[in-house]
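Here it is: the structure, laid out below.
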Amino acid sequence: MSEIQAGEVGMGETLMSVSEVEVHFAARRKTARALDGVSLDWRPGEILGVVGESGCGKSTLARAMLGLQPTAEGQLSLSGGLVSSKDEQQKLRKRVQMIFQDPYQSLNPRQRVATIVTEPLRVQGVAKEKHDERVRRAMNDVGLDPDRYLDRYPHQLSGGQRQRVAIAAALVLEPEGLICDEPVSMLDASVQAQILNVLVGLQKQRGLALIFITHDLSLAWSLCDRIVVMYLGRIVEEGRAEDVIERPQHPYTQALVTAIPVAVPGGGGRRELLAGELPDPTAVPPGCRFHPRCPRRFEPCDRIDPELLDAGAPGQRAACLLHDPAAVAAAGAETAA
Amino acid sequence: MSPLLEVEGLRVTHDGKPIVDGVDLTLAPGEALALAGESGCGKTTSALALMRLLPPSLEQSGVITLYPPGVSKPVNIGRRTETGMRLVRWRHISLVFQGAMNSLDPVQKIGKQIDEAIRLHERSPVTAEVKARITELLETVGLTAGVAGRYPHELSGGQRQRVMIALALACRPSLVIADEPTTALDVVIQAQVLQLLERLREELGLALILISHDMGVLAETCDRIAVMYAGRIVEIGTVDAVFTDPQHPYTKRLLDSLPVIGGRRGIATPIPGAPPDPGEPPPGCRFHPRCPYRRERCDVEDPALREVRPAHRSACHYAPWERWPEVEPVVATEEATK
Amino acid sequence: MSAGTVAIGSSGSSGVKRLLLGTWRGRFGIGVLALTIFVAIFGGLLAPYDPNASSTDVLASPSWSHILGTTENGSDVFSQLLVGTRVSVVVGFAAALISAVLGSVVGLTGGYFGGWTDRILDALENWFLVIPTLPLMIVLARVLSPSLTVLIAVIGLTSWAGTGRIVRAQVLTLRERAFVERARALGAGDTYIIRTHILPNTLPLIFANTVLIVAVAILSEAALAFLGLGDPTQISWGTMLENAFSSGAPSAGAWWYVVPPGLCITVLVLAVSLLGFLFEEYINPRLREAE
């Protein structure tokens, strides 16, 4: 996976990159490979979507990126520099922040909003004189009046307001990147749109780069620049959002897209659905990990683990043998011999 | 055709404060009705009221009449005794609720749990027949007969949700109420479950009330849709009509905020603020504080739900809307509500 | 959203006040506790006689000069009761404090750090939970020479395991909460996280549990003293009972020697337990709703 990528994807500068990261969990004497060789570039100011079913490793990836999850293999780098020491990790945590799915769980119930939003400044040792101004600015940025909300406790806020507080707390350090793990999936439709508006507004005004981890493909499509699709601890497809969702190249992405309920009457129609469910991550199928469920599998799929290769539009890549005739031919020759 | 279910003036109150504030509905046999709306709008409460399953702290009033096929006398649900209701529940109306897949008894095999559901509602069924029924039910929902011998923890989330649907079908009801049946499931599994519901409707002539916050799910599965807001239905009509030509600003904004793949990307202007508490609704139209199209009349006069197009009703003073005017978004902060 | 639907910690002192003074259980508990503490402090001054002074008036029944009669040595029972309060209260609270600190430290460390630390501490906790506490206390108190400090230490050392268990369980759930994860994502250290996020959310639980342990400790002191393992130089409700029994007061019909200390122990334990249960309900909304 060392080749230089085509077109716009080759544009060097990254905010953060992840290379060949592996995360293993011990599960009843077996090892679950939650992440199994994941590489990813996140560029400054970019909205990157990470999609997949639950258990595909998307949340583990987010946690690994911030060093919350020990990795067995692989490297993280920040603006091109390897993050290897504790010191550099601390720096990373200043420049990249995270918000979580459940706004009811993510705020300490015994702290006032003011304490919650100031916490990052205290932890990172920002000078006290700056606290007030930074906190007020962050509150205004998320659309909460500081005078009215700073004194409240989380239980006095609605779900949407809590998520705004969580975003404000992430913003006070003026990060360059924000990783959002399912930030709106617990919220109502109209509140969802409000929170998304806040996040996208921050990207536009401050040039904040966002990672959107979501199971909602239409949401990812509507607001991301690029999307990576994960399956069982691997990236199986990546590319520009329009390309990946409107013209998916990997059978798994195609299946996901087909499964999206469409808000157009009769839009679903009769469609082919993927059979079965995500396999146990302690027993990853041999060859292509998707082959047991794949409607388009063919002979060598159960033997060859496909690489992520260019497929479809510029910058779009998929890990599927349909796009790797060379590997298929080589396998054929091998069996013949 | 005669209806299967008629609801008139359904009200549910808590300490005298309404949660559901006057809901009228009719449902034809075999019809699928969608109940849409945000949390707290009263959709789940209404559904539970139809089965008289509300907790004792809530009081319900209104007339609910069920016309079960093959039964000559209609059932007046509001006036049944609790024992009488037990016969109606599951026999005629059954429920698949949110997170139902986690409500299976973990220490009992699946077959035993279905067996129990059947025996609870039918007097002395023949054991061999019950066995055959269980196999048939499991196959109907796309599981193998072998699942009967397994424990819930041996099944995946999708399989457990299928078992819950099998349980709901155990006594061959004519109406199934499904409250967010796919919310906890992944897209692929969600699509499988929805396809199953659709197939069951076709094969068994089942009527369905589907409750979901996901407009996409509703559009795919249902014939008609009722949109609820703050304890009331604000718009009701065929799915086709409501989705292509919404007649209430709330529905309109809700649909606008849905991304439609292949269309225009980006975030739609959100509806500002949060829905009001149905117990203390704002004066006039309940949606007016958040409505970008409001005029003076909306602040004072409560619009009634009325027919604005054939078989399409809306509770908006200005419906029918021929063309939605372009509007400046109301400021998208929390301040707009309180 | 109303304040009634909140979970742990959404507290506010008004809630506590309503809890303590709004229910008969709270009023009873607070009243008895306040009175006991007052007597524990000023008991010596209130006592009409020197509690150790003997007289020839042996095992006399209640009269105007000795409102609760006299002991086998002719000492005033009422004075002993007042003076003895101090030992019961001191032992109860000090032992509970030791137990709370030990339990919290072990529970927090194990629950927060996990891994081998947790396994070892958990094994230790289990060991203390399953061994019969009273025999252990008896053995310990016998080996060490009886004194008030030994008594406190012995009771404290044998009663922390339950607290440790509860604290550990709470920490395990808190550790996974997103606000702890977020603090970690910010680069906050363990000490910071424990101090600002874990401990404040565990304190109400520790507090409620400790109040219950006060009751256990008071009973244990009485039991040890009754078995002759108390501090012989100190008068406590337990030693009073022991002296009464060893002198054959019950068979002599001297109920005034047996009933008052027994009743005091019962009422104080009851009051403290009620307070403990109230706090438990307060921090556990599910119990609160059941009411």
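Here are some notes:
We call the chains A, B and C, going by the order they appear; numbering starts again at 1 in every chain.
Here is the rule we use: a residue touches a chain if its C-beta (ideal position, glycine included) is under 8 Å from a C-beta of that chain, and two chains touch if they have at least 3 such contacts.
Please read these numbers as outputs of a predicted model, since none were measured by experiment.
Think of each touching pair as a link: the shortest run of links from subunit B to subunit C has 2 of them.
Compared on C-beta pairs in contact, A-C and A-B come out with A-B as the pair having more.
Averaging C-alpha coordinates per chain places the centre of subunit A 51 Å away from that of subunit C.
Annotation: 32 Å between the Cα-based centres of subunit A and subunit B.
Within subunit A, the positions touching two or more other chains are listed as 158. Residue ranges on subunit A touching subunit B, taken from their complex, read 53-54, 143-145, 158, 160-161, 164, 188-194, 196-197, 200, 215, 217-219, 221-223, 241-242, 245-246, 255-268, 271, 273-274, 277-278. For subunit A in complex with subunit C, the residues that touch the partner chain are 63, 66, 68, 89-90, 93-94, 97-102, 105-111, 116, 119-120, 123-124, 153, 155-158, 166, 169, 173.
Of all residues in subunit B, only 38-39, 156-159, 186-192, 194-195, 213-217, 219-220, 239-240, 243-244, 253-255, 257-262, 265-272, 274-275, 290, 332-335 touch subunit A in the complex they form.
Against subunit A, in their complex, subunit C makes its touches with residues 1, 3, 5-11, 177-179, 181-188, 192, 196-197, 200-201.
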